[in-house]
Amino acid sequence: MKDAVLVIGAGVAGMTAAIELADSNIETVLIDRLPTAGGNALDLYKAFPTDDCFYCFEGSRSRPGIRKCFYRSALIDQPNLHLRTDTEVAEISGSPGSFTVKLTVGPRYVDSRKCILCGLCLELSNAFEQISPQCQPQAVIYRPDLLDDGAKKAESDCPTKAINLNAEPTEETVNITDIVLATGYHEMQPINVDEYSYGKHPNIITQLELAKILDPNGESGGALLRPSDGAQVKNMMMIQCVGSRDENYYAYCSKICCVFALKHAKIVSSERNGIGITVVYMDMRTYDRHERYYRETRDSGVRFLRGRLHLIDPREDGTLDVTVYDSLLNKYLRHNIDLLVLSSALEPPESNDGIIQLLDVQMRSGFIGPSDPFSENEVVAGDHLYVCGSATGPTEVPESVTQARAVVSKILQGRRS
Amino acid sequence: MPAYNLYMGCSVPANYPNYEASMLKVALALGMELEYMENVACCGSPNLRAIDYLGWLTVNARTLAIAEENGHDIVTPCNGCFASLKDTLHHLKHDESDMKKVNSELKKLGLTFKGTIKVRHFIEALYTDIGVEEIRKKVTNPLDGIGISIHYGCHLMRPADVTGFRPEILDELVSLTGATVIEYPIWKQCCGATVLPVNEPLAIRLARDKIKSMKEAGAAFAAVVCPACGNQLDLQQLGLKDSYGEVYDLPVLLYPQILALAMGMDESEIGLEMNRVPADTILDHLTS
Amino acid sequence: MSDAEEQTGPPITLVEPIDVSKLDSEFRKTIRSMPNGEELMACFACSTCTAACPIANQWDYKPHQLIRMILLGMRDDVLSSKEIWECLTCFQCQERCPQKVRVTDIFFDCKNLAAEEGMIPDNIIGLARELAEKGQLYVVTADWEREDLGLEPEVPGLSANGIREILKTTRTNKIVGGES
């Protein structure tokens, strides 16, 4: 591998940057600390603004063929692209333009090149799991904390001998010219925002958790069921700005949660007939072309309530009595609901602090900022250092793609001179 | 000579014969052939629309259907009638099911509504069919630039996608008499007429605010084109001394009265003495 | 302290929250199906309508709140409100609505529903009676004024028959207590 670029984080932004670099004949190492590429997008069943289904290979109404499919084939077939999952940066040395990066890989319990997804190990033990039909590499994962006899039997019976329960982490050192930071975001677990009782009641969840429930490939096959007892949800509520625009948590607007919530609300009201849904907000921020989403969602029957939560009162039947202050009506309204979904703040991933220190790049509200905040080079984080996607702060999919392409353009320009 | 179906409604003939007479005289002098419609009645105003939408639609569709028989457009001097007819026309053209309902009722009366004619306020017909230039030629005694504020009236202006009225045309019609149009802040605001039946003090307050706003802007007179608005701005002024301790003495004229004077007609022909706030002071501003 | 004891009145009552499950969730569908109610759901509660209204500052329920109440299903509160009858029908709210909600027209729809349930201010019933009987809201009382101006003494062309016939078959008949 000569003059390689390292892309840290294999979400939408990282994958886009890596694939387009590789397509430009640049050796590219794409790493992710999780066992699969895809990032947060892997858990989304439909993505705005095109409403295409991440599992659909038929394409969407506005585009033939879709992004995900294109990503998958590139991740598999592009010879310049080297995907390393379960991989983290251990050390970076050298100088800009000539970094030496030590990676910690694995342990690789399942050899993804050998795994054929026959499902035998999944039958034998709960320690194996296929995290998503779209996972990349296409292989099962193994969770050593769930080791049992079945897992041992799976190891010996695996038809392709792909399993090694005693695998150890390995190290790999790569020589790198440029580093692309695409470390993404994490959805805040609002445990500390105690008025929302998150973590205390199973029927109080976050938007990403809802996305998994709505996913046709999920446990319930996309049916909206109460986590507490699997009963059909009849009425639900979403609350916006949980931990965002809040000096006690994150002072910034998480920017995409409004559209994210609208997308889910519209799926619920138009595809899960008969479920009543109310969205409680303080501002709806549907910037740019997403205004259309907001209007269509209202038209589909979703109720919007400007105000804030007053009280959650769990009932014995598993429902929640949620009282909300409606500031437009100046009244308190009590809703009996089955499911409360919190649009929780999007926060920087914990691992960001380490990388920010290691590379001495600018921190911006915990995310990675441009080296020169006054320049228009939003994606330039330093000398031979680039940043794109939600690593810069909450970013929607198309914006992540645009930034990733800007990074590729910068790197190509740098090589020409 | 353009011919029109003249729909009077009930308010103008009952309360404002001065409006009716001045309109007819101006029209005659300008060669407009206004033919009173026969066998018609009240448009029902917003009140009927509020309590009996279908009844209101049918009543107005009947008026339209009668006009359709001779094919001439309807002209009316009343904003209320204008709104009822115009809204009915607009609604029925866009709602097939109501169109059917209404026509099945009209059939019993031997009528069919087709939606083939237009409805216009008298001033619109003046503006578009006679035209500012022609009218100006008849102005023999122009006003001396005296300030007149215009109250257009809600149901003439709004909803704009239904009425299609442009306020500028009344500005031009007033200006051609030699008067100066005085703008005032609450020109879009309601005169209060519609709330009279349920809250008279509120109606009076709204009328008072309009008069006050016009007066403060420097108007010497007010121009109106609707009997209900005229009633509010003119008649209600008389009570303001008792209720608000305020006297404005702002004469309120129906537009055809102003035009008639500028065209050299006599004040007695246009019933100027019937205006409640003495309006004969406008005569001082005529040049001859 | 005896003073404090003497001043202790009945226990304070806090206003109970409105129980949303008791509201009429069909109400918004009803309004949406009525003339010019189609855009109801597009309301995003910006309150432009209230800002535009010349009289809402003396209302308990502002225009945007009435629309919210319709969306929430507070049918009884809306239909029994004095506000819908005080609406000037000046259309300023409707004209300025950024989402093209036909606010004034929707209040007309509300009044029709209220009328169907017999909730009409007395004076409006009086006007309906005039209309049903005489075919006009205003009658000529000073025919000499008309004659002085060279006009016919009576309203020209007026005939109450047509309107009477029509209103006999519609809701007005019920409102004025006519025979069916």
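What to note about this one:
The first chain written gets the first letter, and so on, giving A, B and C; residue counts start at 1 in each chain.
Here is the rule we go by: contacts are C-beta pairs under 8 Å (C-beta built on N, C-alpha and C of every residue); 3 or more make two chains touch, one makes a residue touch a chain.
The shown structure was predicted, so the numbers you read here are calculated from the model rather than taken from an experiment.
Here the chain pair with the top count of touching C-beta pairs is B-C. Chain-level centrality, scored on Cα centres against the all-protein Cα centre, points to C.
Averaged C-alpha coordinates give centres for chain A and chain C that are 51 Å from one another. One finds 64 Å separating the Cα centroids of chain A and chain B.
Annotation: 24 Å between the Cα-based centres of chain B and chain C. Those residues of chain C that touch chain A in the shared complex are 15, 17-21, 25, 41-45, 47, 64-65, 68-69, 71-72, 99.
Residue ranges on chain A touching chain C, taken from their complex, read 276, 284, 294-295, 298-299, 301, 303-304, 306, 310, 323, 326, 328-336. Residues of chain B touching chain C in their complex: 8, 10-11, 13-15, 17-18, 20-21, 24, 36-42, 44-55, 58-59, 62, 91, 95, 98, 105, 108-109, 154-155, 157-160, 186, 188-190, 192, 194-195, 197-199, 202, 206, 269-271, 274.
Per the touch definition, chain C reaches chain B in the complex via residues 35, 54-55, 58, 82, 85-86, 88-92, 94-95, 102, 104-105, 108-109, 111-112, 115, 120-121, 123-124, 126-128, 131, 135-141, 145-146, 148-151, 155-163, 165-167, 169-172, 175.
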